[in-house]
Every structure is written in structure tokens, then in C-alpha cells.
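Here is the structure we will look at, set down as C-alpha cells.
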Amino acid sequence: MAAKLTLDAAQVVIAAARQEAEKIGQPVDIAIVDDGNNLVAFARMDGALLGSIDVAMNKAYTARAFEMPTDSLTSLAQPGQPLYGIEASNHGRIILFGGGVPLEDNGVVVGAVGVSGGSVPHDQEVARAGAAAFGSR
Amino acid sequence: MAAKLTLDAAQVVIAAARQEAEKIGQPVDIAIVDDGNNLVAFARMDGALLGSIDVAMNKAYTARAFEMPTDSLTSLAQPGQPLYGIEASNHGRIILFGGGVPLEDNGVVVGAVGVSGGSVPHDQEVARAGAAAFGSR
Amino acid sequence: MAAKLTLDAAQVVIAAARQEAEKIGQPVDIAIVDDGNNLVAFARMDGALLGSIDVAMNKAYTARAFEMPTDSLTSLAQPGQPLYGIEASNHGRIILFGGGVPLEDNGVVVGAVGVSGGSVPHDQEVARAGAAAFGSR
Amino acid sequence: MAAKLTLDAAQVVIAAARQEAEKIGQPVDIAIVDDGNNLVAFARMDGALLGSIDVAMNKAYTARAFEMPTDSLTSLAQPGQPLYGIEASNHGRIILFGGGVPLEDNGVVVGAVGVSGGSVPHDQEVARAGAAAFGSR
């Protein structure tokens, strides 16, 4: 059975994401949600975008809600594709681009990390670094 | 005269949809609305996506609101097509892809079923199984 | 360790609440949330108030959010009392009167039931009947 | 000139608050905002109330917004008192009871800490412990 996501584990994810962001030289906002999609921890690095506070939280929300990285939604939600228009649901909390990654324990999604503030590839890289730290904790 | 959709009838629809979803092996969220487009019943199967709670409700809402299956909106709402942008209306409750199906009694729409959680074709199949149970009750 | 609230268990709670409401002769709306405060099941009895759809959901939300029956908030949130004004938080989802009751497993809150549609004492009685069925399932 | 509140300083506040909460034996939610009243950091201790996520954030918001501890608003906002009804402003983000404390640097408010999850006196004690760590850092 999968364990609950603890605050200590969430802070390990944030620390790893922050370290990766510092390596890139791009301050970001980082949010962690648990299996019930409720916020566990959040950190805004010095100089990170204010508009990214909500985007980081919503990337984490989206990755948990649909149990997939947010960049998997990108192509699915384009015009002509199966989930076109899905961002109108979930009360404006769906983000369709990369930077949200599920956190898994024994193959079960127990939460997610969302990163925003840089370019989408940078946000993805930082989020993946956080998720990797969770997987190997 | 068409009958009002009762809770018992809604639960028949949910049971039939659930049975179809179990046959496919895909847990889903299932919502039923009545002729006034107000929620009558809802069920989230164990393991169904959290993000699909709202999508299932909105599929039912959309199918009742426009008295057509939600997949009928898909092509109409694409860029360049007649209903492009319609998802911004109705307070974010419009879904443009399949899985919402009207429930009819003597040719009158008396409600709708919305299903979300699997692929769009699977959601449609499950919703249609629910609607079929309503039609033959 | 406490078990997750399943759909089957939620439907047992709804059935017991409905039976109690029928005994009283008062149709109600009944909502069940899980440990993450996400909706698991909902039922509106025939003739139950439309305005109570949201109130029932919010009673369940409040009981889970604060891990207490909603009637415990009633006196705490009065003018001059410790939590006066708390209903402005949680995006309008806090209900300060009875009808929301936590669902517990081995002393851990794993969800909640919310009932609305009748008088507050009736709603409480119906919610408690639902919770009792959960406790003895 | 007062310094900007950094993420490192916010985490010092959270760590001190958490330590005090652990001493009391009461898990809480802890939020830190900066001089612009935007979230810098957040932590939900294991077992802390879900309903307190928003309350903790709003306590920090209120303490920064009015540059006073939130318990200073309690009597001012009662029926018949000067600020009666103020909680309807600021989009539902005003909290009228204790647990929000400004963070000051050289006599200037540069942010705030909000704590929720226990009794109001406990939340206040935990928030003050966090603010004290900021003052003596």
C-alpha cells in the first residue's frame, strides 16, 4: 500500500527542485499537493514571478487530478484533439503545459509537484528533479 | 407527458454505467442531472480520477443544456467552426468532447448522464450504456 | 491504519440516510466526501430542495475540513466567540449549522456525510443515521 | 531601509513555528507572505486540518493587509463595533481571530505569518514563536 505524503517528504522535493533551479539560474515557485490534491508545501524562490504562484499550484493540482505530467495534456488539449477545451473545467485550475509531475509511491500517485517561473522546459526539468528526489528518498 | 427523472432512475443509470466501466476495467466518475440541469446523483468509482469529478458533472450539464451528446459539440466548437469559443459561456461548465449523453423519455430530454475518467471513446461507451438502461427501464 | 472510503461504503451511508429521511418524511440532499475532501457520492431525493445540493456538499466539506460535526461550529462562530467570521474562508464552502458529520475508521476521519433539505435537527438526525451505518458496516 | 523577506527567512519562521507546534503537540498549517502580501512559503504539518490551509493563508494575508496581529481585529469587527462586516471585503480573505502576526524589520512590516489548526490561543502562540525567530534571526 502506498504511504501518505509527509511534510518532510514534500520538503525534500522542494529542496531538490530548488537546487536544480539554482543550477539553471532561474528562480521558480514550487508547490506540492498530496493524494487528496490538497496543498502540503509551497516555496517561492527569491525573485520568482508572482504570477507563477498560482500557476505552480495549478500545475501540481492538474498532475494529481489526471495522474499524468501536465505536458501530457499539451497535445491532447489542442484544437482537433480529444480533450480540446478541458481547461474550462475544474474551476480554472487546469494547466496544459509542462511543469507538473505526479509523485508516485509503489506505482501509486500519492501527490504531485508543480513548478512555474521559467521557460516550460526549465520548469519541467526542475519539477522532474523534485520528483526524482521523491522517488529515491 | 414526459416523467420527471427520479433518484431511483438515476441510480439505475449509474449502476448500468458502473457495470459497463467495470467490464472495460476503467474506473470513472458518473453524474446525473435532471430536466432543470440540477445534480440528482453522482458516483466516483474507486480509483477514478479526481480531475474527472468536475468533468463528469460538466458533461452531464452540457448534454442537458444543449440537448445533444457532448461529442456533437466537438467539431462545432473547433477554431473556424460555428460555435468556436462556446466553452467560455455557462461559467466554465461546457465540455466539448464525448461522454455526456441526454436521457430521454418519450422523445423529451428529461436529464443527462456524464462520464469521465477513461479515454473519450470509453467514457462515451459507458455513458451510452447508462442512457440505454434509462431508455429500457 | 484507517482504510480509504470506498464507493460501496459511501452508498451504504447514503442508503441509511435516505431510509432515515423517508421515515421522517423529509426529502433531503446527501453528499459524501473522502479523506481528501473530494466528492465520492451524492443523491438528491425526489422533491428535495435545489438550494440544498450545494449546502449538503458544503456540510460534508466542512465536517471533513475541520474534523468535527458542523453543529460544533455553530456556537464557536457566533459573534464574540473564538471562530467568529470563519465562514469567509475556504471560498464560501463553510457551513455553520448542523447536518455535516465526519466518517471515522479506527478513530481516524476518512471522510464525511452532509445532509440538507429539512430542518437543522432533521438534517442532523439523517446525517447521524448515515454515519452510524458507516461505523457499523 | 527594511530588507525584503527572503525564502530562507520564511523557512526559518516556518521551522520555529513548527517546533513550537510540536512542543504543544498540535499539528498546524503555516503560511508566510511578503511585503506585497504574496505567498512566500507554506507548510502543512502531518495531520493538520485541511480546512486550516486556507485559514492559515488568510491569517497571514490579514496581518499583512492591516499591519496588525489578527486578534487585534477580533473586538473591532464584532456587531456594533467600528469594523463590523469587514470580513466581506478582500474577497473573503479576512480572518478576525488570532493566529496571524506581522513580520517586522526595523519597525517596518515586511510580511506576516499565519497559523491555523489548533485552538486560537495555540495558533497565536505558534505564530508568535515564528515571528520571534524572524525578529532575532
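Note that the chains are named A, B, C and D in the order they appear, and that numbering of residues resets to 1 at the start of each chain.
Here is the rule we use: contacts are C-beta pairs under 8 Å (C-beta built on N, C-alpha and C of every residue); 3 or more make two chains touch, one makes a residue touch a chain.
Quantities reported herein were computed from a predicted structural model and do not represent experimental measurements.
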item: Candidate from A-C, A-B or A-D with the same interface as C-D, over half of contact pairs in common; value: A-B
item: Selected interface, B-C versus A-C, where C-beta contact pairs are more numerous; value: B-C
item: Geometric centre distance via CA averages, chain D-chain B, whole Å; value: 43
item: Cα-centroid distance, chain B relative to chain C, in whole angstrom; value: 26
item: Computed distance of Cα centres, chain C from chain A, in Å; value: 31
item: For chain A, residues contacting two or more additional chains; value: 36-38
item: Pairwise touch network: line, ring, star, complete, or other; value: other
item: All pairs of touching chains, each written as two labels joined by a dash; value: A-B, A-C, A-D, B-C, C-D
item: Footprint of chain A on chain D - complex, ascending; value: 4, 6-7, 10-11, 36, 38-46, 50, 53
item: Contacting residues of chain C [partner chain D, same complex]; value: 36-37, 62, 64-67, 79-80, 82-86, 88-92, 94
item: Parts of chain A lying in touch with chain C, wherever the complex brings them together; value: 1, 34-38
item: Residues of chain D touching chain C in the complex; value: 49-52, 54-55, 58, 74, 77-79, 87-88, 92-97, 119-120
